[in-house]
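Think of it as A, B, C, D, E, F, G and H in the order they're written, each chain with its own count starting at 1.
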Amino acid sequence: MTPESIRALFEQVRKKKLSPDEAVEKLRHLPFEDLDFAKLDHHRPLRAGMPEVIFGQGKTPAQTAQIFSRLARHGGNVLATRADEKQFAAVKKKVRGAEYRELARAIVLQRDGKKYGKGTIAVVSAGTSDIPVAEEAVVTAEAMGNDVEHLYDVGVAGIHRLLANRGTLTKARVVIVCAGMEGALPSVVGGLVGAPVIAVPTSVGYGAAFKGVAALLGMMNSCASNVSVVNIDNGFGAGYVASIINRL
Amino acid sequence: MTPESIRALFEQVRKKKLSPDEAVEKLRHLPFEDLDFAKLDHHRPLRAGMPEVIFGQGKTPAQTAQIFSRLARHGGNVLATRADEKQFAAVKKKVRGAEYRELARAIVLQRDGKKYGKGTIAVVSAGTSDIPVAEEAVVTAEAMGNDVEHLYDVGVAGIHRLLANRGTLTKARVVIVCAGMEGALPSVVGGLVGAPVIAVPTSVGYGAAFKGVAALLGMMNSCASNVSVVNIDNGFGAGYVASIINRL
Amino acid sequence: MTPESIRALFEQVRKKKLSPDEAVEKLRHLPFEDLDFAKLDHHRPLRAGMPEVIFGQGKTPAQTAQIFSRLARHGGNVLATRADEKQFAAVKKKVRGAEYRELARAIVLQRDGKKYGKGTIAVVSAGTSDIPVAEEAVVTAEAMGNDVEHLYDVGVAGIHRLLANRGTLTKARVVIVCAGMEGALPSVVGGLVGAPVIAVPTSVGYGAAFKGVAALLGMMNSCASNVSVVNIDNGFGAGYVASIINRL
Amino acid sequence: MTPESIRALFEQVRKKKLSPDEAVEKLRHLPFEDLDFAKLDHHRPLRAGMPEVIFGQGKTPAQTAQIFSRLARHGGNVLATRADEKQFAAVKKKVRGAEYRELARAIVLQRDGKKYGKGTIAVVSAGTSDIPVAEEAVVTAEAMGNDVEHLYDVGVAGIHRLLANRGTLTKARVVIVCAGMEGALPSVVGGLVGAPVIAVPTSVGYGAAFKGVAALLGMMNSCASNVSVVNIDNGFGAGYVASIINRL
Amino acid sequence: MTPESIRALFEQVRKKKLSPDEAVEKLRHLPFEDLDFAKLDHHRPLRAGMPEVIFGQGKTPAQTAQIFSRLARHGGNVLATRADEKQFAAVKKKVRGAEYRELARAIVLQRDGKKYGKGTIAVVSAGTSDIPVAEEAVVTAEAMGNDVEHLYDVGVAGIHRLLANRGTLTKARVVIVCAGMEGALPSVVGGLVGAPVIAVPTSVGYGAAFKGVAALLGMMNSCASNVSVVNIDNGFGAGYVASIINRL
Amino acid sequence: MTPESIRALFEQVRKKKLSPDEAVEKLRHLPFEDLDFAKLDHHRPLRAGMPEVIFGQGKTPAQTAQIFSRLARHGGNVLATRADEKQFAAVKKKVRGAEYRELARAIVLQRDGKKYGKGTIAVVSAGTSDIPVAEEAVVTAEAMGNDVEHLYDVGVAGIHRLLANRGTLTKARVVIVCAGMEGALPSVVGGLVGAPVIAVPTSVGYGAAFKGVAALLGMMNSCASNVSVVNIDNGFGAGYVASIINRL
Amino acid sequence: MTPESIRALFEQVRKKKLSPDEAVEKLRHLPFEDLDFAKLDHHRPLRAGMPEVIFGQGKTPAQTAQIFSRLARHGGNVLATRADEKQFAAVKKKVRGAEYRELARAIVLQRDGKKYGKGTIAVVSAGTSDIPVAEEAVVTAEAMGNDVEHLYDVGVAGIHRLLANRGTLTKARVVIVCAGMEGALPSVVGGLVGAPVIAVPTSVGYGAAFKGVAALLGMMNSCASNVSVVNIDNGFGAGYVASIINRL
Amino acid sequence: MTPESIRALFEQVRKKKLSPDEAVEKLRHLPFEDLDFAKLDHHRPLRAGMPEVIFGQGKTPAQTAQIFSRLARHGGNVLATRADEKQFAAVKKKVRGAEYRELARAIVLQRDGKKYGKGTIAVVSAGTSDIPVAEEAVVTAEAMGNDVEHLYDVGVAGIHRLLANRGTLTKARVVIVCAGMEGALPSVVGGLVGAPVIAVPTSVGYGAAFKGVAALLGMMNSCASNVSVVNIDNGFGAGYVASIINRL
């Protein structure tokens, strides 16, 4: 049911071709989905500045390029996560302005440069191996119109490195913390700042790290009350959540 | 939005107090939920004969009795699962016709005696300890208008007991199989019949049975293709699924 | 022991070559399996239209082709699941009529076009990555003589896409729902329809999806009572269960 | 090292009793912790309106009352979570203004009535059994100065109940969603709103619900990008995170 | 179908009341179970000396006594495992000869004193807390007609205690080893003897012992090739397996 | 300490060069290991006919060949499990008599043809995919001097195939059962025979089979009391345990 | 074999009643364990000051008292862990000098006051709920002759509390860190000190803490290289390990 | 804040350009991290002889060589763990003195030959497959200035091999034990020695070994009180912990 079809119904009533009762009955039996037109508006104000997103992993370069170029027609920013250089090469041929963010393994087409975020988002990583996940969060937050500062390799076993950079943390409006292994960093950061902390467990580690499970459990049980958690290696999700918080 | 309020909208259009365009706009901005009146009918033909159900566990006798008597006003069958004798005593005071099915730990108010099921549902249990779960399935299927036959204590380590009762199995239109420990019975039964088999892992067992997990995994990996599985100890769910299949 | 050999025994008794006691003794010592002739008939009415099935994964093209062509001699439909194009090429050389269903990763030889299913089976998938599993269910159900409708990429985070297609769901006699990640779709679909819902967790997702475990647990705990579950990625099993239900 | 002791050091330098070099050396060897005075201020602006919190579980009524009354001296709001009526009785004797929020199992002393939150926090629960966790979130958010609206028993198997209340959801600045069993509700809600969603898995369910693990995994794998997760049954944490977001 | 009924069938054929064809048809349609008489003999030689067994846990004293006395009528040994003193008191009233084996938590009625086992079964336990499981194995093996020697509290952290008792081990025909915590003892014992070792993980331990899972995994991965494993705390099963091996 | 060195000690005492006390003291301080000569005899009678065994997986062809030829010098049978054709080629060059058992993925040098086992060992597999594990058990048992019969593809979903071959099972002195997926076959076989059953879970299956965990749990919880279990895919271990039982 | 029996053997050789060869043969066939007298000395220097230890949990007051008083006869310190006040009352009646350490849930008889430890052991706990485990470590270390300092409630979410007490940490020779929930504290402490850190996960927490598993995994994956881990809640083990290190 | 900047502050006070109060205020508002210069000294005495360490896995030869040569400039020992021959070739070109320890998969630049350890560290492995992990511990301990003795292939199923080498164990000041499969060896070794035992679970094994989890659990539950545990395959960590203990 498009607005047109509903309008037609009203038109029929106005023209007395249908009684109101008959129209109600018709409406009742129209497929539910036809009222869908009413729903799409709700998110509009929030959706401004949202990038179109592709999960690149498992897609061929050709598929990635095709989807990317189709999404690029919408006029906003486009982001392909978990993408490699071959996928980028294919995209680049179709979409001139696309850029490859190597550390983040992401392809970005940045056209909307407006700042939607009201403050800075700090992205923190425990070790150098966590950087790809952290950078995915950075790229996502930037594509969603945020100022981002990052602070890498400040794991808890060298707490002075973290403390030496407290300034960056305390001035951020939202903080993203990426950590593998024991996943302790979000608790420490959470205790240092008053801002919301989005914790991202990474699959960094070996043995009893269980590909991020140890870090995930650590973060779920954080003794800092301002911490909430997204999926293992989900840098995109963290960047997304932080961005919508930073718009508030 | 009740049918009345929509009718009023049409009335206004008919009376030319609103143009069709204005009406569409109003409709668009009406809260979505007001169209809810249109949705409830879909299930009606299927809902005939469905009992009202209460999950008794964790509720006080007073709470159980109150909910039970309220649901009893609808006129159909009422079923309280995981209920004990104290809860039954409280229900009995308010609802004379309620009966306690001890093995099933269920309170039943059976008023609609119509047979909605087209064939027989066979309920099979591996051991005597699985009987409470099996009986919950029996009571549920009966309350939903089915003929039920049961076959208990026919576990796979004494396969002749099962084979000796193949007649009951092969004439059933749907089969429910409850088993704890290794949960192997659904596979064997699934191989003996052509009917759909609903497998219910039970928490019977100890040690590496892990409260039904071993049985659950066994059933998920059944080498018989006609087996699907419900939650551990979920006799109600099995009875419900079997009943809606038996109505087809 | 064929019926003939038993008849010969009776013949000997009639001819007084054996006393009844001797015959009983002989019967007792005959291998058990000889009575097997009595068992095979039970499934016959149900077996009509059942395809012969090969699990292709891990088999060489040569092995697949050999088994496929042998099964093709039975005259019914033949289905090879989890098969790749190389396996198909080998099969095609031996069995002209075989077709490759790429999305489903299945080889099909469809010779029996009879409709055994009484209604439509709807196959629903949450995301595009779930399509291979969903298509395996589709191909299976079609090879077993069913009308199938599919509805893809209607995950719960965009509930309007699902609601917009409620018509397809509500008119199906059985519904198959494939979903990875949080596996929430069967619960929502289960709430929208009165028909039995076969849920298939898929291994789609990453991190805490644990290759389908998160989806499997979600489905086992579905708050919709008409949902039962098959193994992770088991599109074939879902198609099979749905087909035997649809024949009832 | 108090400010006084540092001031004394400067005083000595001014009086030329110490050279700057000697003073630096002294400072270097002062215990690190003495600089602690400088750290406590950072959170002050954020800490305004934060309640003092006690985790009541496992504490005796006497212990609870003692801690509660001591914290009450600070002048702000005091909150004891997971507290029972006996603990409340003991608290009430010492702190007249304390109130017991039965559904939330919480004791609250609300003295600071200022609204620190800029918008409304919506608290949603899937089933009635999730209400204690949801109410813990409600009480926490209220004690932290927020307007809270709640929406209970709107689980995904009856999606119309949720849709019928979309208004409440879409006008909230932050949404908390509590769900046990399959934990699917946050994904659906996340798809309906543009606001950040804090998901709380609850230990509601049985069998393969594994005391909240199924719900937790479901939420970690949410296909909605605006969802982050706190620990199982951690209504307090969700209320806390939502509150600090709502202050931004 | 008893031998008599089959004999009657042959009799009818001999008397020409039935043609062989009719008899075959009758036989075919006789319930399958009627041929069951042919199956029960197989185990007879092995079954001699097998005790009747009751799993006492979860049964009321009255239930236990009733089942025990009924089984006692068969004339052989009767064994109730996981039974407490109340259950014993009830049994004792009905079955005078029953005895309570306190350490094993078992009730035994030993009437058949014949030695079925050809050698000695050694039962070894790692710690004193494993003794109830070990004693259950002892009582089972004795009730099945074996000479049993036991060797308790010889855990691997004091390897000299074990070595000092090698004589007992090396002269046993079958060895049962019960251990909780790290479950290392079967590997060490397995290396010391050439006999088959039945390993029983016990739920002794705390923390990462996970109620016997650590011990179970340890035993499954034993580097000694003569070790096989039964369920956690399954002293009965170990005693049973050892007994049937000792009869060979 | 060799027997010679101890003899020398006694010689010195006899020659009065040492007093008994001095000799005891010397003995006490001799390294413990010198008494080791006394230990190696215990297993001798059992060790006759034991093959030398190499775990081939992860070894290079050169390494495998080197170890194999060195062990071949001992004169008994040599067995390399988990070996591929390249490893065999390398072995063959050094040890002429070595043979490759393809299905079992094993290299065998069979020189001792004596039958050490007193009866037949039956090796049963549920599906065709379990055959490599079953064959490893067969090869091991044969190399240890046993008559072996095998029975493959008799999974529980087609129980008649198993029953049709009961003869093979009931005449075996020990039974090995290999099964993946739900691992139900040992329970059924255990119920059909009185002999000890060694169950081998295999990693056959997908999804919730968890690489053999489902089968392992099923077997640990077998309702048949004569079943004990070895590690996942451990065909060698099962063959070894069965062989030492068959020698008793 | 006692020294006496060996001496007798030498005596016989000296007296020519046995030839050296015969003596060697006799020795060879003596039970292995008789040489055990030579083994017990090795630990003596280390054993000085080691307390006798009882694991109190699950023992009756009478049992505890009986064992305690028997061990008290040895003259050294005696320690009963996981003991309650009833057990203490029973012990106290038999052993006057026994004291109850309430926080540690331990009964101590301290008679050997010698300092065996060369430095101080620091015992750190993350929260107040971890104190019972920490105190068990304290009591153990004290009973083994160590100076102990403790530092409680210095969890990572309030890192300044920890830093403010660095002095205590850096002067310790060994550090024990007890933490539940996310178990992050050992990593932070490990980074602050150069001494060995013994980490004790505690079962403190709820939900995804999984009774100490989250903390255990966190500690196993510590990014600080000087951390090793003992079992969940194993304060005794940590105290023991730290004590033997502190003696070095 | 460098020492210089603080000195400047004192200079200003001395020159009366700032009052002591103003200086304190300035100090208070200086970023916390500027005081970091004061922290680095604490570990200095302990840090002498500590090698610089690179985790080689996942790094390219070029990256490894670059980091290695940069660290080599510090003048101490440099260690790259989990490094292959290609990485070594690249390192060798830049750093002449680097050596490859093949068994340990480590690159070592040993320049500081001083013995920091006071006694010997014994490194024990259960099987030959555990040697790479054991050798990583050896190389680490040697690079940290320790005498190391190793004892390989002394698993618990052949306990005499271990006992025959007790001398090596009992004279060690610290013992490292590496074991996969059931992980039982640390318990046995722990019982034989009085020294601290560092247990390293290895990922050696298959099936229910779960890549080291079985061994890890076994070690966590060790019945020997002198055992603490590091992560699966973490030979480096064990060598590190043992080294810092051996310096005490």
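One rule holds in what follows: contacts are C-beta pairs under 8 Å (C-beta built on N, C-alpha and C of every residue); 3 or more make two chains touch, one makes a residue touch a chain.
This structure is a prediction, so every number in the text was calculated from the model and none was measured.
Both chain B and chain F derive from one sequence, and where they touch, over half of the residue numbers involved are common to the two copies. These two copies of the sequence, chain D and chain F, are related by a rotation of 180 degrees on CA atoms, to the nearest 5. Using mean Cα coordinates as chain centres, the one most removed from chain H is B.
Inter-chain centre distance (chain G to chain H, centres taken as mean C-alpha positions): 24 Å. In this assembly, the C-alpha centroid of chain F lies 40 Å from the C-alpha centroid of chain G. Among the residues of chain F, those touching two or more other chains are numbered 32, 39, 163, 166, 192, 207-209, 213, 216, 220-221, 225, 231-232.
Chain pairs that touch one another, listed by label: A-B, A-C, A-D, A-G, A-H, B-C, B-D, B-E, B-F, C-D, C-E, C-F, D-G, D-H, E-F, E-G, E-H, F-G, F-H, G-H. Chain B makes touch with chain C in their complex at residues 42-43, 45-47, 118-119, 166, 170, 173-174, 192-196, 198, 216, 220-221, 225-232, 236-238, 240-241, 244-246, 248.
The touching residues of chain H, counted against chain E in their complex, run 126-127, 155-159, 163, 180-184, 187-188, 190-192, 205, 207-210, 213-215, 217-225.
For chain D in complex with chain H, the residues that touch the partner chain are 3, 6-8, 10-11, 13-14, 16, 19-21, 23-24, 27-30, 32, 35, 37-39. Taken together, the chain F residues at the contact with chain H in this complex read 31-33, 36, 39-40, 57-58, 201, 203, 211-213, 216, 231-234.
Against chain E, the residues of chain B that register as touching in their complex are 129, 160, 163-167, 206-209.
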